[in-house]
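Two complexes come next, and they have one chain in common, chain A, joined by chain B in the first and chain C in the second.
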Partner chain A sequence: MDNMGVFLQIIFWGLYAGCIYILLATGLNLIFGVMKTVNFAHGEFLMLGAYITATIFFLTGINPYLIILLSMLALIGIGAVVERFCFRPILGTGKLNEIFLSIGLIYIFQNGAAMIWTDEWQSVKSPYDGITIPVGSLFVPLDYILIMVFTAAILCGLYLFLNRTTIGMQMRATSQNRKGAMLVGINVERIDIISFGMGCSLAAAAGTLWIVSGQIFNPYMGSIPAIKAFAIIILGGLGSIPGAIIGGLLMGLAENGAAFLLGGIWKDAISFVILIIVLVVRPTGLFGEKGE
Partner chain B sequence: MHFKQDAMRKYGIIAILAIAIAIPFLTDSMFILNLLVLMLIFIIFASAWNLLAYSGQGSLGHAAFFGIGAYASTLIAVKSGITPFVTIFFGAAVAAFIGILIGLTCVRLKEWFLAMVTFGFAIIVQTLTVSVLAPVTGGWDGIASARLLSPSIPGYQIIEYFAVLAITIASIVAIWYIMKSRIGLAFLAIRENELEAQAAGIDPVRYRLLAFAISAYLAGVAGALQIHHIGYLTPELYGVDNSFWPVTYVILGGLGTLAGPVIGTIVLTIIWEGLKATGLTFGRYVIVGAMLILAIIFLPRGLVSLPEQVQEWVKRRKRKEPLPEPAGD
Partner chain C sequence: MKYPVIFIAILLITAFFAGCTQQQATAAPGVIKIGVIASLTGPASNVGTNMWQSAQVAADKVNADGGVTLKDGSKAQLKLIVGDDESTQQGGQKAATKLITDDKVDILVGGYSSAVTSAYEQTIAEYKIPYIVTGASSPIITHRTDIDTSYIFHHCPTTDTYGQYTTMFIDQVVRPAVNKKLGASADRPFRLALLYQDTAFGKGIQTAVNDTIVKNNLKIILISQQSFRMGESDFRTQLTAIKATNPDAVYLGAFPNEGAPIITQARRDIGLNTIFLNAENNDNAQFYKDVGQYGEGAIIESRFSPYTAPAGAVADSQNMFKQSYFTRFGAYPDMMGASTYEGVFIAAKAIANAGTTDKATVRQALVDLKMPQIIEVMKDQTISFSPDFRESTFDLWMEQLSYNATLGETRPVIVWPDNLKTTDFTLPSWYMAGSSS
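Let's turn to the complex of A and B:
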């Protein structure tokens, strides 16, 4: 009984952490799919999203779950600016350049945020703090369930957007074949901006959900989750959104299982251990075909 | 033109060397001397990273080698009592050995897969240091390290400075020699086109591992030097900052060139300390980040290429000038 309880708890934590990773990894995949670009600074958008939500919450006291939309909108804008002025000029000049550029962005965003909001740890109190719902033998915080619901809703929204709207279909076309998309008259540069902005807004959603559930945050919070999200999309296949979802859940579970078995210190390292083992066996990732 | 550039380069090197040798006699500020020692150490570190990038492998986890060199050298020095001047090279050998192991997992990886894995290794090494290895390494608290020279020796800081300067010059000469040799050519060939390199009889795996080993060795030397200079080490050594700094220095100075890491480190250190004097804390990083991005976009070959770039701009200007101008004005 007790063992079962612990087991269930680990699964629940895993699912909860997995939601954050899914949102991050899906955003990265969206960007990678369309632009074939990697942005190591993706976690900084999570951090910005979290801070925007927190700031609005502290100022107005609105339910933070509602602020998520504002935060996502703001990050679409910030993402668009970053794409236009940082990534577009170096598009096609080599992948190493994108990595180096991301380092510059990390410096700017982390320390810019520290200048605005200080580098102290902060926290946001959810209006549903303390409310738990019995699931089997377990009492699960309502916030955790809300986060899963929100993640599912956002992913459904994204699915509908990609499949039902013109822009969504243009994005898919561009990611399938950039030249072909140009030939049929799609403005691929516009699609780049939109995809980058949307990817960033997914990161903002992840950041908002992360802090609303009571996690403390500071300007450096984004790096590690983002790097894990990279591990996930490498494992799940570059550009594959289902891969990101499954990979995100597995990563959440593996990490919390490892933290329980080996001690909390291993929580961060274990994702890299998994990544390295997988890459040694399959240098292109679990489901990847081409060595991009 | 070439002749002129060669001469310029020669005078540049002589000038930098002369300044480096003269500085300790011009200032008696311990602060400046300390800063210069740290700068020299980072020149070695950045050059080490640059050599790996020269073979087409961009690492984001060089702090791992920096830290391993520091820990290994410290432990050997503390346990055996041998002078740090010797243990540095043993510590670096440990870093090189780990470098080969990490390289083995990376030989088939490219670009950001490699960046991810190296980044991950730095985190794994840090985790090991504070968990399994904590009884030896002191965990998060760190341990005291042996000093290069005892502070009781008169003028020890100047001696230390010249010792570090000598090691830095030796490292750069070694890298220059490697870049010029067939090994360097092989690195270049692999970086430009692995398949063609293979067709030309170059074994990419062997040379990539070699690049990893040499780069990790030099990074280990830098790490050990820094820790023996400061006298204390903590796992913060494996932090992201230490992985990113060499990248920043090299990109700003000029990727894949011998002078790039040197110029990048010197210029950035001066800017960094200058900004510190203005009282900026986080702002310094924002400015460095912006400089990095601007350099990548507008000066992709770094500060080293600045004279050439300026010439190019001037030429373009001149070409534009003879265009017919409306008479009368």
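Let's turn to the complex of A and C:
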């Protein structure tokens, strides 16, 4: 493999990692945009999505790419319950309550998952495992192409939902001005529950695509990605969906570039170096607006 | 009126529970309390659970054989108390402190991950309690000079030892085989890449390989040395960088939950079809399952395996231990389980030799210990601790994996050294050497 081939391969791994980050951060941003709620337990929804997909796959052998829809639906339900019984009672009572609530949820979900599924590392074998498509000097595994296609499809679906449906427009209105939305008759509590559920379902999609790529998983898998998702939404701009997409891609590329050029231990650190630079130069993030 | 009543109630409840704690802290006559520090939760829980279960099998055996005879002729039974280090340094600190101060154990056994174990060595030094470390393999465990490690005894090979063994195996076995395949001259330098966890464990392997090459003037060049964060799951970028350097083999300083995905991603996603050499902690049933077909041809440095045993004296005792473990837990023990199993026997023997549970006397008994090997092959067939750093010395071996399509898992065979091997090392048909020059 020549230098250009290596460079392209690193870019490709960055794009793949970026896809996972985009889905996770977009979900987080959807929730923050509408509810202005800080949920540090968002990575646990990625973990639950991964386990639900894996469990259905182990029990039925159905193609995991098809299970992604079931997993997303399940997480909409779980997210709705969490919003209704955990976040809604403390909504508007202060960020500290939200932070401690979400930290509590992290422990509950992690230990609950460990009780149900044990905390052994597990893996799922994709039906397309081992199939690679040569593109120039690159080895391109089919699974990674599918992951990128699924990410793009989910984002297109989200775009259409937010722009072409009444509920989507109500979510945008609530995001822009919550009191104004209430004044024009939008049931913002209903919008909250839908937003939270959809945000969780995007995390479930990220979890599913994580495991079909052949990465191992256990109940603690969500912690680090959740921290990175927060860095991404601050980088892209709080509440900005395009910001989450661009931020996710940047993060994936930066991490893999740093691991190649500086060494693997810089993989996580580089995300926060970029975050600090962006906050110093542009405190609202790349796509954020003043006041958010 | 209401508040004084509540206050008194709280005092009474506190006093009741304080009494309970005191009662628990007092050792029952005829009982030796052994604290086992293991990672029951967190990323290393697979290995940690195996260590804890192996300790239970050992204690059952000691107790079934009558227990430990003390100086006054009385018999004492072993009672194990586990401390979960949660695979973290903070968790390790909590577990060690609780076992020593609350449970008042007589001796400690266990400890996995050098980073975790070294974090609570200060507590061991402070309370001066004998500790037989059976899982953390960095030499810093007993070599460090910033604290008093005189109560710590190391019953597992250090990264210095197995890094050296693996490098010598590469030089004596893999290098000639690759040269033969390439039709190259015998003095062609071997192109070795390292991919290691950025911790004391991984860096220990890196240092050992570098030192062994220099010290023995080996014809091995390190063409790439890549690191990764502990617990990482995506290694594709580092593997892409390694592949670009055309290695003849890749030595991994990784835990089982890292080693299996590294090999899978390397062969499946990167097309890096080479020999992967793994450290001994990967000799674990979960690893054989997770690595699957991609583990074909890989090497594990080892001293105990769930699926094979060396030719010679310890085969029967290893099989008995595996059978006892399987009967009780429905699975097979791994390497860290084996040394923890032995750790309990060593603790019992030291207390028997000391005739008391007095910490300083037991420590001296460990210093003076000479007992026959149990299930692992020891130098001179004897378990004893070196006078300088209190390390026991093992005879190690190298295993090569082959894929069993029926099981959907790999299985090992011992290929080195000559006195322990059951077959010869072979290069797989798909193997791609770095370059012929």
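We adopt the following convention: the second predicted complex is superposed on the first by the 277 of 292 C-alpha atoms of A that agree within 3 Å, B and C clash if a C-alpha of one lies under 4 Å from a C-alpha of the other, contacts with A are read in each partner's own complex, and residues count from 1 in each chain.
The rule is short, and it goes like this: contacts are C-beta pairs under 8 Å (C-beta built on N, C-alpha and C of every residue); 3 or more make two chains touch, one makes a residue touch a chain.
It should be emphasised that the depicted structure is a prediction, and the values quoted were computed from it without experimental measurement.
Peer 1: Do chain B and chain C fit side by side on chain A in the superposed arrangement, or is it a clash?
Peer 2: Partners clash after overlay.
Peer 1: For A:180 in the superposed arrangement: first (chain B), second (chain C), both or neither?
Peer 2: neither
Peer 1: Look at A:6 in the shared chain and tell me whether it touches chain B only, chain C only, both, or neither; answer first, second, both or neither.
Peer 2: Touch partner of A:6: chain C, not chain B.
Peer 1: If we overlay the two complexes on their shared chain A, which of chain B and chain C does A:242 touch? Say first, second, both or neither.
Peer 2: neither
Peer 1: Kindly classify A:230 by the partners it touches after superposition: chain B alone (first), chain C alone (second), both, or neither?
Peer 2: A:230 contacts chain B only, not chain C.
Peer 1: Which holds for A:123: it touches chain B only (first), chain C only (second), both, or neither?
Peer 2: In the superposition, A:123 contacts chain C only.
Peer 1: Looking at the overlay, does A:99 come into contact with chain B only (first), chain C only (second), both, or neither?
Peer 2: first
Peer 1: For A:114, is the partner it touches chain B (first), chain C (second), both, or none of the two (neither)?
Peer 2: It touches chain B and chain C both.
Peer 1: Which of the two partners, first being chain B and second being chain C, lies in contact with A:268: first, second, both, or neither?
Peer 2: Both: A:268 reaches chain B and chain C.
Peer 1: Based on the superposed arrangement, let me know which partner A:136 touches: chain B (first), chain C (second), both, or neither?
Peer 2: Neither partner.
Peer 1: Under the stated touch criterion, name the partner, chain B or chain C, that contacts more residues in chain A.
Peer 2: B
Peer 1: Of the residues on chain A, which ones does chain B touch that chain C also touches?
Peer 2: Overlap of chain B and chain C footprints on chain A: residues 114, 119, 263, 265, 268.
Peer 1: In the complex of these two chains, what residues of chain A are touching chain C?
Peer 2: 1, 3, 6, 9-10, 13, 17, 114, 119-121, 123, 125, 129-130, 132, 139, 141, 144, 214-218, 220-221, 224, 256, 259-260, 263-265, 267-268
Peer 1: Any idea which chain A residues touch chain B in the complex?
Peer 2: Residues of chain A touching chain B: 38, 40, 86, 89-90, 93, 95-101, 103-108, 110-112, 114-115, 119, 223, 227, 230-231, 234, 263, 265-266, 268-269, 271-273, 275-276, 279-280, 283, 291.
Peer 1: For the complex, which residues does chain B have touching chain A?
Peer 2: Listed in rising order, the residues are 53, 58, 60, 105, 108-113, 115-117, 119-121, 123-124, 126-128, 130-131, 240, 244, 247-248, 251, 282-286, 288-293, 296-297, 300.
Peer 1: Report the residues of chain C in contact with chain A in the complex, numbered from low to high.
Peer 2: Going by the criterion above, the answer is residues 41-43, 45-46, 198, 226-229, 231-238, 240-241, 243-244, 256-257, 260-261, 264-265, 268-271, 286, 290, 292.
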